Structure formats: C-alpha cells, structure tokens
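Both complexes below contain chain A, partnered by chain B and then by chain C.
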Partner chain A sequence: MPKDTETPDVIFEAEDLIISAVRDDGTQLDIVKGVTFSVHKGEVVALIGESGSGKTTISLSALGYAKPGLSFTGGEARLLGRNIAGLSTDALRPARGINVAYLAQSAAATFNPSIRINEQVTEAPVLHGTKSQEEANEKALRLYKALDLPEPETIGERYPHQVSGGQLQRLMAAMALCGDPDLLVLDEPTTALDVTTQIEVLKAFKTVIKDEGAAAIYVTHDLAVVAQIADYIVVLYNGEVKEAGPTDVIINDPQHPYTKRLMAAINPLPDAEGAEIAAPEPTAISVKGVDAGYGRGPDGEPLVMVLKDINVDIEKGKTVGVIGESGCGKSTLARVMAGLLPPHRGELMLDGERLHDRLEDRTSEELRKVQFVYQMADTALNPRQRIKDILGRPLTFYHGIRGSAKTKRVLELLEMVELPPPFADRYPHELSGGQKQRINLARALAAEPEVVLCDEVTSALDTIVASNVIDLLTRLQDETGVSFVFISHDLSTVASFSDEIVVLYAGRVAETGPVAEVLSAPFHPYTRLLMSSVPEPRMGWLEETTESQEQQAGLTAGVELSAKGCPFAPRCPLAIPGTCDVEDPPKRHGDNGHRIECHRTLEELY
Partner chain B sequence: MYGLILRRLGIGVITVLAVSIIIFIGTKILPGDAAQIRLGQNATPENVKAFRERLGLDLPLYQQYLNWLFAFVRGDFGVSLASDVPISSLIADRYLNTVYVSVLTAIIGVPISLALGILAAMFPGSLYDRVLTFISVSLVAAPEFFTATLLVLVFVTFLGWGNAVVVGSAEGKGFFELIVHFALPITTLCFVIASQLIRMSRAAVLNVMSSPYIEMAILKGVPRRRIILRHALLNAIGPIVNVVALNLAYLVTGVVVVEVYFGYPGLATLIVQAVQTRDFVLIQGLGMIFCMTYVILMLIADIAAIASNPRLRHPK
Partner chain C sequence: MSAPDHHEHIVAPFDASVSFDELPDAPPSQAYWPSATGWIGIAITCFWFLIAIFGPWLAPYGENDLPFPDDYSEFQASREGAFLGTDVEDRDVMSRIMYGAGRTIGIAFAATLLAYFVGVVMGIGAAVSGPRVDMVLSRINDAFLSLPTIMLGLVVVAAVGSSIPVLILTAGFIYATVVFRLSRAIGMEIMVMDFVEAAKVRGEGRWWIITREIWPNARMPLITDFGLRLIYVILFISSLSFLGLGVQPPQADWGSMVRENLGALQFGESKLAVIMPALSIATLTVSINLIVDDVSAHGGGKLSKRM
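Showing the complex of A and B:
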C-alpha cells in the first residue's frame, strides 16, 4: 500500500479531548481536561509532564485506547482525519496495526516471554495483511541492522529473555516500525535504561524515525531527553496543556512557571572546582576487601561472583553515593551491608567493631544501627497496615516505646518527613509515590540508625518529587547526623547530594573519593564515559556526544565481571592490549583519598 | 533444562522412598499382629510363631522393610492376610475398572472443562461467564454423593435410562460400550473435576490477560481470539497442567464414594476394605500404588511446566 502519497499533512489531532474515570457511584473524574494539539507528518511531538499529568492517557488516545476504568467523554481524537475516540476494539483494529504503533516504557514486560522475537516483531503487518511473512521478515532484518542490533540475521530467533534490556528496547522499536506506521507513540521508552544505554537507544530511535518518515508522539518527564529528539513540545500538568511550542523556544525561553520549575529540577553536574572537601570523620560502617556472589559452586566459591575486592568507608554524618550501570553490583553491595547476603570474603565493621555478616547473627543493636530503604515504596509498605502501625513497629521493636509515647513519636516522625498528622491513620494506597517514599524513610529513621542504605530511592519518582526527597534527605542528615549510602544509576543526583562517590563497574570499584575529586580530572575512563552520557537539556547534545571518543568506545555493551584483568577493558578507549585484559589494575592514589583502579598512570588519565 | 528434569526425577524417587517408609512404619505401629490376624481363631502360640517365621516377621524391622521394598520393586506385592490371595490378583480385578473410569473421565472431562474455562476468560463479566462461575462454584460445594443422586434421579428415575448402579463386568467392551457401561460414574466425576478445572483455567488465563504484553497485543490490533490462543495460553500452561494433574490423581485415589454409590469394584473401595479387615499387606501395596500415581502425575505436570517455559527451555 503506497501510503506516502495518500497521507495527509496532519497525522493526529486532539481537539478539546476529555478523558475521565467513571467511579462506581456514577460520578465522573476528568483525567484529561480538554487538551488540543496536533502532530504533522514527519514531526516528533513531545508530551512532557509528571505522573498524574495525563501524558500517557493522552498519548494512548492516538490509538483510540483508554486504559481499563477510563473512557472518552468529550472532544475528538482524529487519526488521519477520522475521529477514533470511543470506537470499539474491532473497529480500531486495522488502524492499530497499520496506521499507528505503540512503544511502551518497559520492553521487558511488553514482549511476550513465550514467543520468539521475530514473530512478535512481524505480527502486526502479517496479521493485517499489509505484508507477507517474507516481506515482514525482510523489513525486520533491515530495522535490526538500522538499530545497531548484534547478529541481526539471527536475533529474531531468540526469546525475549535472551537479549539485554537495551537491545529489547530497540527491538520494540523494530516491532513498532515493522508495519510502516504513519504515527509512533513512544511512552517513556528510555526512562528505565542506564545513561550509557539511553544514548544508544535515543540515537537509534532518532535515526530510524527520520529514515522511516514517521510522525511520533514522545511521552516523557525528562526535558533533557526531549531536547534531543522532539520538534515540538507540549507541557502538561494535571490533565491540561500549560505551554506548547517548538523545542528551541520551550527549552531556551520557557514562559510558564511550571515549565521553569521542570527546567530547574534538572540537576546539571555540579561544578567540581567549587566543591569543598570536608575534614575526615570517624567511620560509621566500613567494608573491607569484600567479595560476594550468589550460589555456591563445587569449589566453595560463589557460582556468580558479583562483587570483587570492595573497600568502602562511610564516615559518620556523611553520604556516600554508589553509582554504576544496572548489573554492576550496587544493590548487592547494599545487601551485603544490610546482612542479607553474607560476604564470601572480607569483613564488615560498624563503629570500629566487627559487624556480624549474617542478618540472623546480628544483635538487635546492630540491626537498629543499619537500616534499609527500598526503591519500590509501593511494595515495601504493608498495604493492610495504617501508617501509624508501619512507623510504630520499629519504635516498639527497637526502643520498647508503646501507648501514648508511641503515638507522639509517630507524629514527630511524620513531621520530620514533612507530612501532616492525619497521615497516621491512612493506608499506604491513599498516598502518592513521593509520600510513600517519605514514609519508607521515616520507618528507617524510627530506629534511630547510624547508617541508612538508600537503594535507588528516587529512581521511581518524578523529577520535581525526587528533588524534594533529596532536599529532605539533606535536612534529615543535618538534624540527626545519620550517614547515608545512596545507591543510584543517576550520576547527577548522586553528585548533587553525596560527599563521596564510589563508581562501581562490573563488581569492582573503578574510582572512589570525594565528589570534587571524582568529578574532576584525573578520571577513570569509565567515569568519563558516565559523565559524558548524562543528557544535557540543549538541542544537538546527542549528536555531539555520540561523536566523542568515549561514546564510540561505550557502544560495545556487555558488562561482565571478568576473572582476570580490568572488566572495563573491552569498552575502554585507553585500554592497553596485553595488560588491561590480563592483569588486575593497580590502585592509584590521588589527593584527599581519591583512588582510581587503572593501568594508566594518573597523569595519563587527565 | 535436562538437569532440571533429572532433579525432578530424583526428587520423585526420594518422595516415593520416603512415603514407602511412612507406609511401612504406619502399618507396623497399628495394633494387632499380622500372624494373629491371619490365623484368627486357630492361633496357638506355636502356630503364630511358625507363621511369623514364614512371613519374616521375626526379623529386625529394617530388614523386614528392605525385604518388602525389594519384593515390591520386583512386582511381588505379597499375599493378602484376609483372603490368602496374592495382592496382585486382588488388584488386577479392580484396577481395570478404576483405569477405565479415570481415563474416560479425563478424556471427556478435561478438554471440555478447559475449553469452558478459557472461553469464560475470553469474555470476563459476560452473562456466560457469570452463569458458568455460578454453576462451577455450586458444583465445588456439592459433594459427590449429592451429584450422583441428582444424576440418578434425573436419568434413571425420570427418564428411565439404564440402571442406577453399574451392572455386570466391563470385560471385552469397546470404547463406546465402556462409556455407556460407566456413564453415570463418569458423568458424576466429570462434574466433580470440572468445577475446579474451569475455575483454575479461567483464573490462569485471566491473570496472564492483565499483563503488559497482552495490552501490547491489543494495541497491535491482534484479534481477541488470537490474543487468547497464541499470546495468553502459552503463558498459562504451567498452572493449568498442575491442576489437571492433581485432578487426575484424585480420579485414581479419591473416588471411594462414587465406587460405592454405583456399586462397582475399584481400587479406592479396595483400600477401605483392606483397612476394615486390617489387611496390612494389602494396605501397603495399595498405598504404594496411590503414592506412585501421584508422584508420576505431578512429575509429568512439572516437566510440562518446565517445557512450556522458554526461560528454562532456552537458558541465556
């Protein structure tokens, strides 16, 4: 079907679109309140906003789809001139397969685990009869190549679990593009990815959208990402359009206060020169020469070694940021400190004394001093308990506080995390994501710990909410003198908040030291790659960065703990063949406790 | 994957061995002496002693167990205490009846139930779904004898078809003749297993239907029928196979009421008789057969679940 000659200039148009949730008692709650915008041929329109802004709901209207519980209650959503709001699933089926395609946030959840990739990629065009299976296979192969996927000839034969997360995200793009749609709807397609992977995926998306000539709706909360890919931006808040305009206007000269706040919430990497280095304090918890892994092999060593030779000291009242890509062992390190995973080798110290490895062996005092805050506040809070019970439990358990004293303390804790007293009687599901994370934090603080292990606590939150939580953490640290271990894959968040940084790569410490030292030369080559991968909210950044030497090297993905040599060697632009891949890198010491593990000398790393 | 299957096999063998010990000890600690029971009124101390020696009951317990176990493995189940007939011939008469009824029930009941359940999952909340849910919940609550009585009332008393009990022997009958022969027990059992199978297959498919990849299939414009049959069912096989296996095991071992009600001799009634007559040897033999039926069926279910999971079939 030669669609190009037929397609009109306006691909999709929302006009006064209203989408509502209809409750059981018949009352109607508007989620999207009269939104108007249009997408032209070959144009990428970004819908930007926080969760609850209705951006996903609006984007799905381009497929005529309303999530269960929602319905179209006013206005029109016109795809190629036809209003598709409120049509039946059967009536929409041709449009969904042929005219418009959807890319979801998590490719891992979007691919059917039981069906081979190629069948899923080619399913839509074959099913709708726009392509024969052979034509679809050819198209898929071309897309695999265009998307820089490894082994494009055979990757389709694999099952989804046999490829990496970043590859799956690109395969989802292939799935969407296989039917030559007029419009792509991309819903936060890079949010779940590491910065280094995000760049690859963004670049692939951008090229492929341009080559295929498709229009796109790009949904995200990240202005820096939007600046790289969108032609036109629609800023949404609470189901309404706050501001709309071409990308350069919105990025360089935002008018609406909300857009300005969004821009302000982007953390640029702090200027290393200005940061000061505080005097050393006694250590609260320290990790000495720890190896850890999962399973047990025949030789008594763990089957999968995740951490190797980790040395980290966390000083009292300080924050140590642990950063690295997914799979680098960040969370495993937290699990080791929490006693959930006893180290295979090495030891843990708390207040200068040996800390028991296993949770079961720890005394109540040791348990109290080390607390854990999980990434998923949703699943970490018991849905059947009121907030006062959730916070009251550690008070009774560690401090024996009961009755009215407990009630009083719960209110104090709520005040500490800036929540009003009535929250004590609520259930977790009545709270927003940011509020739940505050409760999660308050529960850890209820024990009056020395060290709080924060595992990606802001990763699931919107930019503005996340920066509020960071402010709260800073204040709590000043007030209580607690130490934080702050684990994140987001370098700018870690840098803005930590005193020291530990850069993990494939289970080894690549670089560590005070923030100012780590973020300024000399750099470990991996730190340099990470820093150059943080998107900047300006147009053209993506193109500049991908040309740089670091990124060229970073493209060969695959993080594995190697038995010998430096694990980063295969990706490293400075690797010395015959040395880096064979011998363990030496520890090189710089100023103020700055340490880099690299075969290159510090002078070479400037 | 093969390693995983081998491990399951190993666990199965260990389970059977463990159960054999429990059965053996269980029958040993019951009051009464096998020789005493066997000899009954004629028991003089000399007779009993001689008999005990003949049965090997004077040996240490572990030796008795090993002798019994090795005999069992060779297919020698021993001789009934109550009737002095080899256990194997006692079982042979009845086991065909049990096999006929359970196999026929499985052939008829399982596909129909699964189809009904999956159909309900295709149209959740529809009138069909609600009626089916109502009926299957009612059936769960109805005991077998109630269902059986109801069937006899309708088909025998009112419609006048056939007999209220199974008359005559099943020997030499063909497939359809067997269905007619056992019509009422098969129907009763179909009702009993259908309720659980319908509800579980519906739940398993519905659970998968709420996952993001199904939403993706909807947004790709895949028709509902293909979504269920190609996208959802593949991921629901594991739980469904497990329920099927549990129900099949029930068909072999848990059908006492039905066998008694329709008056045909089967394995389940045999074990009841064995307990009544304190026929330890028979209890041991039947216990082992039931245990192995369970273990083999669950093993098949596990292997099917492993084989249907691409993560286990094709590791990274």
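Showing the complex of A and C:
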C-alpha cells in the first residue's frame, strides 16, 4: 500500500468482525463474535480481557493475520479504509512492512540472537524500500534517544544478549517504529517484566507513541497498565465487546458487571497505618543465616551465590510473603526450604528442631510437614493421573489411608478447594488453569502440612481467577491453621494477604517485618521503589511516579549481584559513596520485629 | 452500521445474575479416532497379522509341497490350484507367502520387543540415574550406534551361523541402541517436569517415579515409535534373508523368497514369484506407517519432530 502524504483520520476499523475456528467435523466455532471498534490517528486503543477473550486474535486482524486454524468469516477489518481480512500474504506484505508494526510480548524471542541490534531495527524500512540505510540509521538513533536507552550512539552495535530485558523491550519498540508505521500493535509488551522495569518501558512507549503520532492497539489483561497508556478502552469477554469507552469513563465509572469485576480484582496496596499486628506465635519453620547457590567452584564455594545471609522465621498459622524481582533468589529460597537445594551455610529449623538439609535425608514426617506448590499448574500435575489419584497419593503415602476412606477424603479435599465431586474422575487437561491450581493446593493440603511453600502460584492466572485463589488461600488458612510462604513478584498481592513480608534484593533480605511495618516508614530505599512501582488503576499515575526521587534514581541502573557492599547501592538515591558500595549493610531493628539492612539509620529512612 | 464514535461509551446488554467469577471449563479433548488413511493402515496390517497367525492352516498347500508333479517346470503363471503361480522349485507361491508371513512378522516382532525391553530399561534408567551412570551407558551405546547395522548383522550371523534365535537376538540388540536414545531423551524431558519434582519433594522412591510418573507419560510416544521400529526390523530381517544370511531354505520367509526366485525376472513365464513377496513386505511396512502417522498426527505430530 503506497504511503499517502495525508493519512486518513481513522487508521483501523473493525466492523462486526467474526473470526472462527473450523473443527475437524466441519462445524464452525466463533472465537471473535462480531467485534466493532476503531482506532483514530494518534490514539492508543486498549483491548483488555482475560485468556480466551480473543484480544490477541482481534489485534492480529489489524495485520490481516489469522492464527493457524482460524479464519475471517464475517465483517471487515479495514486498515486505512481498505478491508484486509482474508487477503493473501503476498497482498498483505507491503501493508505489514509499511503501515502496521507488531510488538510481541517477548523481545527475547523477537530478536535474532546472532545479528546486531541496529541491523534488525532498521531491517523493515530498508527491505521495503521506504528508507535508505542511512535514513533508517538516523531514525533508529533518534528513537534510541527518545526511548531513553543508554549510549544511544553505540547500543545498536551490540547483540541482543548484551542488553537488559527492559532495554530489549524498548529496542523492540524502536524496531517497530523505525519504518514510521501508521499503526502499532502491542501484545502484552510489559507483562513479562518486573514492576520497576515495566515503568521504564511504559514511560518510553508512551513518550514515543505521542512523539511519533502513531496510532496503537494495546493488548493487555492489566487495567492498571491500561489506565496509564490508553485513550480508549475496549473490554472483551469470550470474543464479545462488553464495554467500550474513553479511559477515564471505563476506569472511574465502569457499567458492565464484567468490567466492575475486573476492577474489583485489582488489589490496591493496603493502607499500612493502623493495621493491626498479630500476636507472635511459635515458629513453624525458620531459616537461619543461610547462604545458597548453584554449582561448585574449586574453593568449595558455590559458583553462583544466589542467597546470602538469609534469616526468616515463619510462624504457625501465618503467611509470610517473599517479594522481589526476577533473579533476586525468591524461588531459590523456596527450593532451600523444600530440601531441593541444600544450603551452603546456615541451617533450617522445623518446630524448633534441626531440619535435614537434603531431601534424601529428610524423614517422612519432615517431608509431610513442608509442602510445595508450583507456579505452573500445567506442569505440576501428572497428565496421566486422574485427580483422585493425584490427591489420593499423599493420603496413602503419608497417612496410609486407602480404599473408601481415601475416596471420602479426596472428595473432602475437592470440597475444600471448591470443586465439585465429579472432578475426581477427570484428568488434569480437562481442567482450566484456576482449577488446576486448586488441585495443586489440595494435593499440598492432603499431606496435612505445617508449611506450604507457594511459588508464584497466582502469577500465571488471570486477574479474577488469581483473586479467587487468594481468597481460597485465606479461607484454607483459617480452617487448617497452616502456614504459607507466599512467593511473588507482585507486592500488592503479597501485601493483601500476608502477615509478614520479606523483601529480597539480589539474594539478600533488604527489609523484613509485619506488613504494617514494612509498608510504613521507615522504609528501605528498595521497598520504597517497589511500592512506588506498583501500577495504580488511575490516570496520571505514571507521570507522578516517574517524577519521584526513587524512580529517577532506581531506573538508571540495573540489578547487579555484588560480592561486597549493599547490592542496591548503584540504584539507591540515598547511597553513601565509599560506604554502601564497600561495606555490608548493618541490620537495623525497628518495632515488632521490623528489620532493615541499610547503612542509613532508621531515622534517615523516614 | 458504522464504527462508533470513539468518545462514545458503549455498554453491552447484560444479565445482572450472570457472574463472571471464573472462566468456563477447559474443553474436553477429543479421543483418538482413526482417519480414512488410518483405517486403511489398520485393515492391511490386521490382514497380515491374521495371515501370520493362521497362515499355515489357511494355506492351500504345505510350505514345501510339490502339488503339480506332472509338469515339472518352474515359474508357471497362475493356473488352476495356484492362484499366484509357482516358484523356482514349482511350489505354490501363495502358500509360501502365507507360511513366510508368520516367520517374517514373528521374528521382527520378537526382535522389536527385545529391542524395546533392553532399550527402554537402559534408556529410562540412564535418564533417572544421574549424570555418571548416564555418561557410561550413553558412551557404550554411542559406540554400538556408530557401527553400520547391516554390516554388524552380517558379521554376527556369519560368525555364529544363522538360526531364528540368532536373528532375533542380533536384530534386537542392534535396534536396542536406537530405542535407548529415544527413551533416554523422552525420560529426560519428563524428569525435569514439575510433577516429577513434586513426587521427589513428597519423598517418593525411584521405583515409583519411574513406574508412575515417567512411564505413563513416556508410553504413548514409545508405542508409536514401536510401530516405526517394527518396520525397520522387518526390512533388516528381509535384507539379511535376501543376502542369504537370514532364514535358511527350505523355510519360507519373504526376504529369502525374493532371492530364491530372482531368476523369474529373467527367465520366468510369471514374475509373481518375486513381485508378490516384495509387495507383501511393502504393503505391510506402508500400512504400519499409515497407522503410526495417523496416531502421531493426533498427538500434535510431536513424534515426527523427535525423529
């Protein structure tokens, strides 16, 4: 499609768009059921919905693309006034290179690891002949600067693995924008990122989209993110538009019950002031001075030290939230407690007695008391076992329950996790994601454990399903008195139902204590950064937060695991040069077991 | 109907009683039902397996009968009483194919079973036993794998002499190397799954992990591969017989029948004595292949990717 000097006002229009899958027996199953919306020049339209809502399928129609097995069966998808639904790849190729650009969720999978970044960023316009290599290079450089990338003159010379994840995500935006497309399609571009990185990427996207005057379709499941970037929101459920309107209307005054339910599923950070602190209970499991890592170097130390000097107590019947960004060692901590990774130094205690480090050495009783729940419900259940066998095994293994007593207990467990009895005869693949995670929980509870280690159990779930699982966890704790170690990268989820929080940064405990203490002053500078990074579902939050001191300092540097000194020092707005980067931070004790590891005194951290 | 103005607020009609608490259940997966080509494969394979079992009773003549003593001539075309003609010794070709079916398929089946028993036990064993055991088993296996199969077979049979047990053992061990590779790879893939780790964290022993966690998941791809491997073994046994080192005359077997009757291509009135046993091998292997393809296509073609 030739590039007009004057682009029309309506860039993309879907009208009664129907996209269907044709089954083996010839029947037609509509995935997208008559969706209508339009994207105007310079406007960001968000498609929001949970898995199965058809949001990605609809966004791909802007490229005239239907996933394998799907086809356009009704309505029109008009790009710059031309219906592109059902066109052949050859007919679409010019439009795809020049008029539309697609940003996938994973930048790591989009870039070819063996080609330099600049060559990939400039490839599309040069290939389609809309720009010479020099013009494209110039444009790329302008974009690198606009996207706040470090060393914009030379970053294009690097290979994809030589930049951080957040940088690569921004470089992908440069790749998409290099050919001056009329329309950008962004598919969950920040979902896989840490909160602090997400802000940096969101900010860069927002600036660059406004500067370039491009229109965009932004696909996501996250209302809080949408509130920052979109002008217009389309709420999708099961392939249909449930509600659509300008961002402020949808965010502030949602009408449809589904939109309301989505809004309700967002956990705001609880108000820390005045929150009550529960009385201390005896400890169930405690981690004392643990160092742990992977591999074994020539000096007997682990090759990669992931955890350093970890001290955590989990009290009976309480929930301890472990929070940190990817690579901070939170999953490793769970593996140490589960016995999968013996600590290098330090010890584990269970009910006041020494717990064996190695899984092989643990007694059946020790194994029973510590149960593990995995993040990916899909892979944690054996696909060839029925639910009754999955739940029945720990009953037989730990408690010797067999026969009709076992069947009865399995049904009780199903009832505990709010699933009907017929589920006992199903296989895992006959369950939805949230249901599988419930079975995972039920399996852990079947052992009647003292401690359940939950490793990112809600991260892979849709917002509403995840909030239901959290409600379930709270109820189960009240009923059974079990302790939870709840590992997550999502501070608001952790804060909403934990009693205590452990903030991990680069393998060290930055701050720990009851939720009310951790979420109120004094703060570790990293906790403050994390708190200010949790997106809030209101407009203007992004601008406010990026202006704050923490964000300004925290965004400039990446996470570095340092052998000495405080690992957060390079990102810390309060860092004391000559001290923080050289000496290990001291442990400073506040009220109610609140502990901060920082060179600054507690008074300085208010 | 035109696209809405983009400042308009649209709310779809809703039923206030409908809750959006959870998304609907996962759709039930479809059970395997063969496609048309799958049915063709199944029909032909069943036909040959029935012949293999009941051939000796169904055959019109004995394996080495000479039913037509009056005209003592070779390679006669079909005539009354000999539907597929006669062979180099004036025996009935159809009867010999029916007797040979049991021998060819039987030897191949037994050899493949042996290959699977040895290969799967060692392969899964290597996958679960940690890096040292795996290293030793894999290197030994690599050494055998590097030898050309037909050559190895020829050397062994030539040295020990040909008999049916020797053929089964030779083919079984030669193909066990390939099965070892495959089952080790499948085992390794399953070993790193979370549900296996969950079993370890529960404290399960190695036997439980192998028999309850790994085997049920490795079973399907291995059974599909069994069909493919059977084809290779049939071809291997037939090749040995064709070279004169397999089933020995006067016993019938498809590979040796081709060799015995090669003269028919030049001198015979009928060429069926060569074509029919060759066609038997072809139809059997192709039909097994059709089934394997059909089954693995249902499973998302994962097997064909592994091959």
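Definition applied: the second predicted complex is superposed on the first by the 592 of 606 C-alpha atoms of A that agree within 3 Å, B and C clash if a C-alpha of one lies under 4 Å from a C-alpha of the other, contacts with A are read in each partner's own complex, and residues count from 1 in each chain.
One rule holds in what follows: a residue touches a chain if its C-beta (ideal position, glycine included) is under 8 Å from a C-beta of that chain, and two chains touch if they have at least 3 such contacts.
Quick caveat: nothing in here was measured; it's all calculated off a predicted structure.
Legend: residue contacts after superposition of the two complexes on their common chain; A:A124 is shown touching chain B, with no touch to chain C. In the superposed model, C is the one of chain B and chain C that contacts more residues of chain A. When the shared chain is aligned, no partner comes close enough to touch A:L307: not chain B, not chain C.
Applying the stated contact rule after C-alpha superposition, one finds that A:G245 touches chain C and leaves chain B untouched. Judged by the touch definition given at the top, the superposed model places A:Q255 against chain C, while chain B stays out of reach. When the two structures are aligned on the shared chain, A:E15 is found in touch with chain C, with no touch to chain B. On the chain C side of its complex with chain A, the touching residues are 1-4, 6-12, 14, 16, 18-26, 28-30, 193-195, 197-198, 200-204, 212-213, 216-217, 219. Contact residues on chain A toward chain B in their complex (touch as defined above): 60, 63, 65, 89, 92-98, 101-102, 104, 106, 109-115, 123-124, 127-128, 158-159, 161-162, 175.
Interface of chain A with chain C (complex): residues 10, 13-16, 24, 36-38, 40, 43, 45, 50-52, 231-232, 237, 240-246, 249-250, 255-258, 261, 338-340, 359, 362, 364, 367, 371-372, 374, 376, 379-385, 393-394, 397, 429-432, 434-435, 443, 447, 462, 464-465, 468. Taken in their complex, chain B has these residues touching chain A: 211-213, 215-224, 226, 230-231, 234-235, 308-311, 314, 316.
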